[in-house]
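Handing you this structure, nothing more for now.
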Amino acid sequence: MTTIDRLTGVVPPLVTPLNDDYSVDENSLTRLVDHLLSAGVDGLFVLGSTGEAALLPPAERGRAVAAAVAAADGRVPVLVGAIDTATLRVIEHVRQAEELGADGVVVTAPFYTRTHPAEIDRHFRDVKAATSLPVFAYDIPVSTGTKLSAGLLTNLGRDGVIAGVKDSSGDDAGIRALVLAAHDANLAGFSVLTGSELTVDSAFGFGVDGNVPGLGNVDPAGYVRLYRATAEGRWEDARAEQERLIRLFGLTDAADVDRMGRASSALGAFKAALHLLGVIDNPVTAPPYLPLSASDTEFVKGKLVEAGLL
Amino acid sequence: MTTIDRLTGVVPPLVTPLNDDYSVDENSLTRLVDHLLSAGVDGLFVLGSTGEAALLPPAERGRAVAAAVAAADGRVPVLVGAIDTATLRVIEHVRQAEELGADGVVVTAPFYTRTHPAEIDRHFRDVKAATSLPVFAYDIPVSTGTKLSAGLLTNLGRDGVIAGVKDSSGDDAGIRALVLAAHDANLAGFSVLTGSELTVDSAFGFGVDGNVPGLGNVDPAGYVRLYRATAEGRWEDARAEQERLIRLFGLTDAADVDRMGRASSALGAFKAALHLLGVIDNPVTAPPYLPLSASDTEFVKGKLVEAGLL
Amino acid sequence: MTTIDRLTGVVPPLVTPLNDDYSVDENSLTRLVDHLLSAGVDGLFVLGSTGEAALLPPAERGRAVAAAVAAADGRVPVLVGAIDTATLRVIEHVRQAEELGADGVVVTAPFYTRTHPAEIDRHFRDVKAATSLPVFAYDIPVSTGTKLSAGLLTNLGRDGVIAGVKDSSGDDAGIRALVLAAHDANLAGFSVLTGSELTVDSAFGFGVDGNVPGLGNVDPAGYVRLYRATAEGRWEDARAEQERLIRLFGLTDAADVDRMGRASSALGAFKAALHLLGVIDNPVTAPPYLPLSASDTEFVKGKLVEAGLL
Amino acid sequence: MTTIDRLTGVVPPLVTPLNDDYSVDENSLTRLVDHLLSAGVDGLFVLGSTGEAALLPPAERGRAVAAAVAAADGRVPVLVGAIDTATLRVIEHVRQAEELGADGVVVTAPFYTRTHPAEIDRHFRDVKAATSLPVFAYDIPVSTGTKLSAGLLTNLGRDGVIAGVKDSSGDDAGIRALVLAAHDANLAGFSVLTGSELTVDSAFGFGVDGNVPGLGNVDPAGYVRLYRATAEGRWEDARAEQERLIRLFGLTDAADVDRMGRASSALGAFKAALHLLGVIDNPVTAPPYLPLSASDTEFVKGKLVEAGLL
């Protein structure tokens, strides 16, 4: 286990490679960890939205965590998504993650039931009371229906409940407000991580600590270069790298929106790309996601070639 | 186990009585079942939204199902909510329910991840393929972010995938379209159940088969009288009963919306009322719901007195 | 001018017949008024959403009002939609309507700018202060982004600001709450009108005063029969008439949703139907609505034949 | 009149100073124009959302345009918002602006009625066909309910229908996609302007041409410095200036959200600040906006002092 002082840099949210029966393919997951670590990433986030956390049963979630922890072998911290509808269920996932050697957990607002800020506040406090691991708040309103405010998050940080935030709201002005609020509140060791794939240079420019890009599964070296360019003030290089990655992100449009949802298409494309790159054995995604067609996969291949990855 | 030919009448969605440690209070649940059956309800729906299905861990869900099945003892069918984010996890709940003696399961669209109609269709088909129990679709867009269309539901009914629909959309024109579509498609044994507490006479008037009212926990006899009045064409009686129940429903406004969410208030009020009526031992709700205050509980008591229940 | 004591019965929201240059076709509008009055409707609502109020410039709005008032000739009250973004602009429309002989005006919440309930309250009070005509609140959240609460509306009714509500929210439980709240507040002469086309028998069953059905342009006699059946307690007749009208409403699906919006399709279908019935000369709608194709119009014709109107 | 080749730099959306009777205060507007021009702004945008375009009647809109054009006196281009519900009404505003000497018009998607992309496309084409002025698309989904896609906008640019986009979506990844799409489509003279007040350095960093900040009314010199710093690659200076402006933006929180809406508070604060700075005579806003209290105004004053403006 790795102690997290302040999480920084590139922390990709790993896809979870599966077998045809939707069990976790641990060999592929191990290869994926190596693919990411050899590119120089700073941490791993297992069982985020990209990791199909919301689609996998508890046992498979456990297998994914165990395999990732073993593969990481203490080289970088491993965060685990404890994504579930409400407090008691989240706590079960948190305990599982802790037992399996995770270095931190990532927790969203409750969902399915509509909640009030006072309930969200209670939720994070109850979860933290059940674990010694650092808890990161995961702001993903498109999935939960709730936006976590900078005020609520800063309070939780000040009280030692959360160690940081992974922001997938797409609201850069909001993330920036959080960065400033955390700074003003003097929250040492509090990390603000953007889930963006497309405005990462901007986000490092205005002060986020880290980046959790789904596309980082496919091109971790690109995101590492982008991060380092920003850290060194090479903004033109960062912009060029970001623009290349924006174009690569076009692979998520593989499937026609009339045929399947955006998540099926994007996640299917990430897995298809990793399969084409020889990292994972099987591009299958869990139900109800639908599979890409052969021509969708050709489209993904074209994007990899364009981006110089194949 | 009871065979369901065509579910009709009043099928309350049971609250799940809890102990202070959020374990299921089986004695209270047994008393609740008796309270409902002695009022003449036609079925029981365990682990719906009102049953805190989204808040309870799998083990407690199992205990609630087992207790309800035992208490019902074959007198009426017991439906069980298999509410979870996606297909594989729903199937685990379905199997648990089947093993524990449920007579049917109730399944929502996937949530957390955004889905396409083709994926929702696949979801219900995959779930049905995993069970011999009748599957009811649960349309609750406020929780899932997705409205199930009459076309999709009728197709699933025609193919034998679903045995009916529990509609909590609040969209009476939509429910009515579904009633007509099911009739036109000649779906024998297909039940349309409204989750409404407030327009039940209307819904029976336009042809729904049954009603699943959360407030039916508190006043099951009222909903049974309402149903029977509609069945016998006594529309003025039905309207009067409905209006009395609308006023009783005012108990869900117990807590100030500035202090907690609507769900905390409504569910807290149902449990407070059942506690005041002596049916359950403890009005506690699962986190992150917040508890009613003493004056909130007094408000609930006032509504029970007004409605002639205390 | 007609004094409105308490508006009741069927009050169709008239389409506004146009010429090819999008000027108002007054002859067709006069024929439409006759078509509706000879079917026995109880009032006319000019320049509602169905009347393309939001699409027509002020001068054409004036011409539509003048023509409708002249054609009605005092036989029934003429309500006029003063639909615009905010208070000052609404007041200009209200004054125009008053000068042109309207019997009442219909006013939505402000839109484009997001508003607070206190601002909506001010809006209705400022509008009422500018006119001696009765003001009806128009609740249409799909267009304005705001739901008017029963509490706000009842307060405005109690203070003599509004004379009633036209509810196009589609939320029958909400309309019913308003009916009860208005009753409890003893609001004499306060009318609750449902904009529904599909649950009208239900709405009269639970106590609304009137109905404003867009489809009433096409089949006013049907809605008059439906209203009378409910007034006489012939609920089976009402249901049969309503179900016939639900099927006729299928004409709004004339155009493929991939090709144009739902409003283009529905409004285009109403006008196409009136053109096929010989009531109006030209089925054209204002931009940006798109025109129905010839085969869309054939579809409308088929629905008219099915419903016995052609 | 000024010819617009390619709009760049800082183009504040002017508040519209009003008298107590809500008529335009032309003297104050003239002073506001001088305040902005002496700070070095590159253009003026009259009658945007900040200019209360949606709240003012046509005659007052005309007076605001005439006064702004006269005050600008050809020194910088004057854009005018032709914001209204649908095509015919927008065209009336466009013609008024053209007659009064505007250099360009700014047009949103239709609103109130829900529209399809094909209808939005038609809308912009019909508007452009009615004017020789350059037309800028205004993407403001919070007000219109519609997001304009990069594809639609790029097509309109390629066909010469629009000369650029003012993006107030808050979606920086989307703006960036538009910047890249416009670049790939080789749209010479096509301007992408961000409406952001809070991520302006980022936006210039990823390639927008200009900025339309409401807060630029209050501190135009700050936004000019920010723009110039980005143009000269002084990113640290830009960030510091932006952070100062983010703190100044806190003045928009002047009023309690329980008492009035966010728009009342923000716009009231802009006007209060300009009044405190001696630029405009009267901080009044049009109905239904509510006025700030004396203590709200003190709050605004405090922010001006903090920012070094008072």
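We call the chains A, B, C and D, going by the order they appear; numbering starts again at 1 in every chain.
Just so we're on the same page, a contact is a pair of C-beta atoms (placed from the backbone, for glycine too) under 8 Å apart; a residue touches a chain by one contact, two chains touch by 3 or more.
The shown structure was predicted, so the numbers you read here are calculated from the model rather than taken from an experiment.
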{"item": "Third chains touching both chain D and chain A", "value": "none"}
{"item": "Between chain C and chain D, centroid-to-centroid distance (C-alpha), Å", "value": "35"}
{"item": "Length of the line joining the C-alpha centres of chain B and chain D, rounded to whole Å", "value": "49"}
{"item": "Of all residues in chain C, the ones touching two or more other chains", "value": "none"}
{"item": "In contact (per the touch rule at the top): chain pairs", "value": "A-B, A-D, B-C, C-D"}
{"item": "Chain A-facing residues of chain B, complex", "value": "22, 49, 54-58, 60, 83-89, 92, 110-116, 118-120, 122-123, 126, 142-145, 257, 259-264, 286-290"}
{"item": "Complex contact set, residues of chain C against chain B", "value": "170-173, 176-177, 180, 196, 198-199, 201-202, 205-206, 233, 235, 239, 242-243, 246-247"}
